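The following pair of complexes shares a single chain, chain A, combined with chain B in the former and chain C in the latter.
Up next, the complex of A and B:
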């Protein structure tokens, strides 16, 4: 989103409230309800999003007055960040706003950082912007390598980054890949997301991304907002997205969060989900094709079983019989397989496995 | 070893029995004994005044005479007692006008004043001194008891004429093994509560420390006379039934005795009873009734469907009078008194529960206005305060079981609250002859609970109103302190920095209006 548009939205919010006060009304704003009851899976688009339930926040209400004042303060602060072209974390924001409300008032604008989290979400929903648009950064996590050049306008400088020239470390995905970031050239043909950093390093050493002309990404576990946005933007360029995780509930959950979005961030909708993503493996069915894996399974933990049971209850997962069958295999055998197990025979087998899967279209939806 | 174990067997008189079992009359513990003495005399005075339709004026003196030895004098303006009844009223056990009458009274068993005489004799050997002014004759005498014969011993009798307008009774005795205490069990508290329950009486107390407490009457109306009523079949046991047959019914049959002496017993009901106990001959003389037959009859009573007894035999203090006396004596912030219709327990005994609640103000505070105690439960039965045996009393238990948090009283024991619970009945079911605690009859407990909860709700209404008022103010303050900050942020956010003061003024005005 263009920064100008975000600025206009913030100013607009202020103007609406000022008009309300001029008319003798309590300043209010409306935001979609983010509770579980208002989260729905939209089958036609394939991701989780908020329903129609709205909630009005108002200043002249004892239970809302404080958070309302805080929300306006955050909006005003964000507007200043945008104007100054400076970024900070939510913690930085918290320190910027942690001051006393007045000499005779024994109360601070913010007492705890946790207070600011919910109202940043309120603002995101009310204005249809992302926190990154408000110049609020999140922790970076995720590394990329591949035939892709991006241009980064940052801190008054312009840098071109060639993701094929990042050596053994790769390029670390920033928290915001939208504002000030452009794709200059993408030669790669698809995106491969690998759950674990160890496997990413394996494939990077194999120069897998070069040989197979793909963009190799590891979210290092659960994908960060920046990583999800990058994958989304690459998918928008028409690149197929394949995901490769452990064969356990946690790995699969990482896949489903990338694909449909999560309950927590359902308010972000399409921007943070990639419904077209496909799941390459590892699957329980792989044991049948690659007998050496049989000896390399490990016992599933209680949390794996619990998560598998939970996932089988989600309508957006149990609508796929392939997944129900995979999850049931975990529940039945009580076993799981790690990505790393593919290196059991030969280290370079990992690449072969991926090639074979893509070639034979052996993926799960 | 061959000696006759019955060699020393002899009959004990009632007086001897009570001499050996004085705790049954309330003479257990030194503080309690002193309060019991004052209680017995004061109750008699109040009952006598009410009976004679006189507004009572009772003055009590307690003076220390030595180690755990006190002189107690009680003087009233009642009708006095005629010469021929004087000795038996004050020195014969189980005598008097109250015994065996089915009417609501403070005293019931007719052992009270005689018990005091007895107590004086066994602790100091001194008879009690009495002055009775009755219908123009003043009698002064000393009264003792012949324990073996249960007979009064009268000495130093002086008889004089006096004005018929000058009437009343004065009793003075010296007692040992008693102790005066300024506590919730002491004479002072007892008389204060007596005054609360008898707003038509003026009560004066002269304490051993030389203080004089006066509780002037709050109203000038003598309570309506409680009507003497016939017992209801469900209100009696075999023993009561046999007592009722004593003496008077030589010429009648059992069937007509039942119809004449009980309320709600008709010819049809007698027939029903006959069918239930065919083995009892309803043509027999009532006086020939045996214990077994009486037991069977009482069991049969319980199987028949009776119309409930009339309830006008109970006379409550009344809502407005309790309210007046609580205000007068406790000076609280608020008072609420329930007004509830009479109820029946055991199917046959009418009763009324009155509950008054006094909150805040001077309640439970000492003379300097500092909190002296937490929540207090004042128990009363037929206008007499119950100070002792609280633990076993149905009132205490019921009050304890109530969840006071529901009534905005966080912890009853810590609140400036005084709860008056008054049980009125022709037959109050005391747990013992000491008459200090009421037994937990189901119907009674239910009614006490409902009445206390009704009073509690009124306090709650008052307190929650107060709390809401306070909250309103604090709500206003809570929002007002955010106005400055939000005005600044809003004006900047909307690119209208100059509007800050106007925004602030408008918002302040809105908050003031909203939370007025």
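Up next, the complex of A and C:
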């Protein structure tokens, strides 16, 4: 469905440009401005999104001509991929363009490690589609197990993947969890997102997802696009989402990116944020409830301190007194706690911790 | 089986030490020396391994007392994990030790990013066991799909995972693919290891593993321990192993680590090397066979050049004239090729390339 719509949007973009040329005008397209000044936290919806400012890209502008031409070339390739019903990565797209355009294509815009991939972002914003809808794959990273079945319609085949039958490991969360994919027969009552793979493995060995009837996901650090979309889709089905990370800069960043999105990706808006998500821990306050943790804190690094200070200044964080109090504890003590520390006394405590937190609603917003 | 043996070895280590103490001697244990001077490429077997030099760790030695005590503590915890039949990560082990020993445990030896984890390595070498046998999990990274079934006996459950029923994604390769796990009903004829996730996804969409009847693995960069063990086990079943990477420093390193092991991990020996592996490409010579690649090379980075020079100096590489010739092509042209470039002309060419390479035996040793 999204694919058909995307194809129409791409065709529409091209037609508009041809009409502009026919009228003797410079071909032009408009997209929301993605720079910092146009990013706002929308309190009414609970995520970072772009404001109303637009920017116009036009061919007959010396500073924009080259990028404009490249954007049109990207749109053209995406249309081709959709028509062929084939997918590739942004890097694959780069080589397709390089093959057609030779040296005229700017490699730096397609760097693998870059969060920008500016030309693709332009199209995503201008057409209101996700790059996955343009048949561009992204790197997979997260893993899932739990009581649900994935109905996958892919490459002309129908497959049912039972996420409760993954043994000691899990199903790798794909790049695109939307087009041709359905989550059915969800018996699980909530989604548990666990920052670290090691903790996922610990909980999986305890069959935590089975005993507590949840869907166990690890993003393995920062969540991939596929993982964020999966969580979003499960939240749309009414499942509460609990996130469990380290009490440190990286852990907080992972949580807040899942919840409200990040500045970089504000243009993705609601599709990639889960404002309903709750933060289960680890928190500095846990030390009071679980005294054995006291000797398992470690020294906060400079980045943790700096991050805590920054976070207190963000309106979408300091609107929650619980978070301000928590971050101040880190600043005051200069200490942090890793989720791994919960295993210090006994390995199986991790599950007990999560159970107790959820039961007593001991989470941060 | 390995677990029972490991438990006996751990008990044996402890008993020997107690006997030493009873005799009024300093408790001692011996392990192969892991430093560079004791690493050799064994041509007869085709992998890097430790030589005959041993080192003795003894308690009554001022410079060794602390590490010795920590090693014994690690052995003790591993014995406990085996007895409890529970697993944790090295980081979890660190917190268990910190809980028992307080400040006496050296965090730096348990750094997540460190390749060393010296104390665990000591035990692996001294007892000739893998850390997985000590119930220590490692991070998962690779993904698998293909015509084989995994019989998994884990956490008191029996599961069968059909790697041909993974839809658009795959089964995440677990940390430990040995204890309690069997690969059965392998209809696939060979193993294809693809460096990048993007290329795995490309081939998976083409159902390459189905049409060509292979097992499709991506390590997603450098191979995790679990991925290396999986490839080793499949090679032990007689399946040829073909590796497909970028033609650059990182790609070559990935291949040679899979094939012969690396200096860092030479102590792991045959368990983690696949000397039978062949290198399918990408190679600079491919340009002659596939002229469209000519305009898709990119400038080699300094690290690629440096690495190519280093590799030519390694006896286990320069014993192969094909490799010397290939590396010289990179040095001479100052160019490299990524595997993604194969998609430049058309996306589905990747599979055709692999098919042709295997059919014509166009691989490097």
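Assume the second predicted complex is superposed on the first by the 346 of 365 C-alpha atoms of A that agree within 3 Å, B and C clash if a C-alpha of one lies under 4 Å from a C-alpha of the other, contacts with A are read in each partner's own complex, and residues count from 1 in each chain.
As a convention for this text, contacts are C-beta pairs under 8 Å (C-beta built on N, C-alpha and C of every residue); 3 or more make two chains touch, one makes a residue touch a chain.
Keep in mind that this is a model prediction, so the values were computed, not measured.
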Exercise for the section: Considering only the touch criterion stated at the top, classify A:73 as touching first (chain B), second (chain C), both, or neither. Expected result: first
Exercise for the section: Check whether A:60 is in contact with chain B, with chain C, with both or with neither, and answer first, second, both or neither. Expected result: first
Practice task
In the three-chain superposition, say which chain, chain B or chain C, touches more residues of chain A.
Solution key: C
Practice task
Give one of first, second, both or neither to describe whether A:107 is in contact with chain B, with chain C, with both, or with none.
Solution key: both
Practice task
Could you look at A:24 and tell me whether it touches chain B, chain C, both or neither (first, second, both, neither)?
Solution key: first
Exercise for the section: Mind working out whether A:10 is in touch with chain B, chain C, both or neither, as first, second, both or neither? Expected result: first
Practice task
State whether A:338 touches chain B only (first), chain C only (second), both chains, or neither.
Solution key: second
Exercise for the section: Kindly classify A:129 by the partners it touches after superposition: chain B alone (first), chain C alone (second), both, or neither? Expected result: neither
Handout entry: Touching both chain B and chain C, residues of chain A
Key = 102, 107
Exercise for the section: Please give the residue numbers of chain C that touch chain A in the complex, ascending. Expected result: 81, 84, 86-89, 91-92, 94-96, 98-99, 102, 107, 137, 139-140, 143, 150, 152, 154-155, 157, 159-161, 165-176, 180-181, 197-198, 201-202, 204-207, 220, 292, 295-296, 298, 338, 340-341, 343-345, 347-348
Handout entry: Residues of chain A that touch chain B when the two form their complex
Key = 10-11, 13-15, 17-18, 21-22, 24, 26-27, 59-60, 62, 65-66, 68-69, 72-73, 75-76, 79, 101-102, 105, 107, 109
Fill in the blank from the handout: Interface with chain A, chain B side, in the complex: residues 475, 478-479, 481-482, 484-486, 489-496, 499, 503, 506-507, 510-511, 514
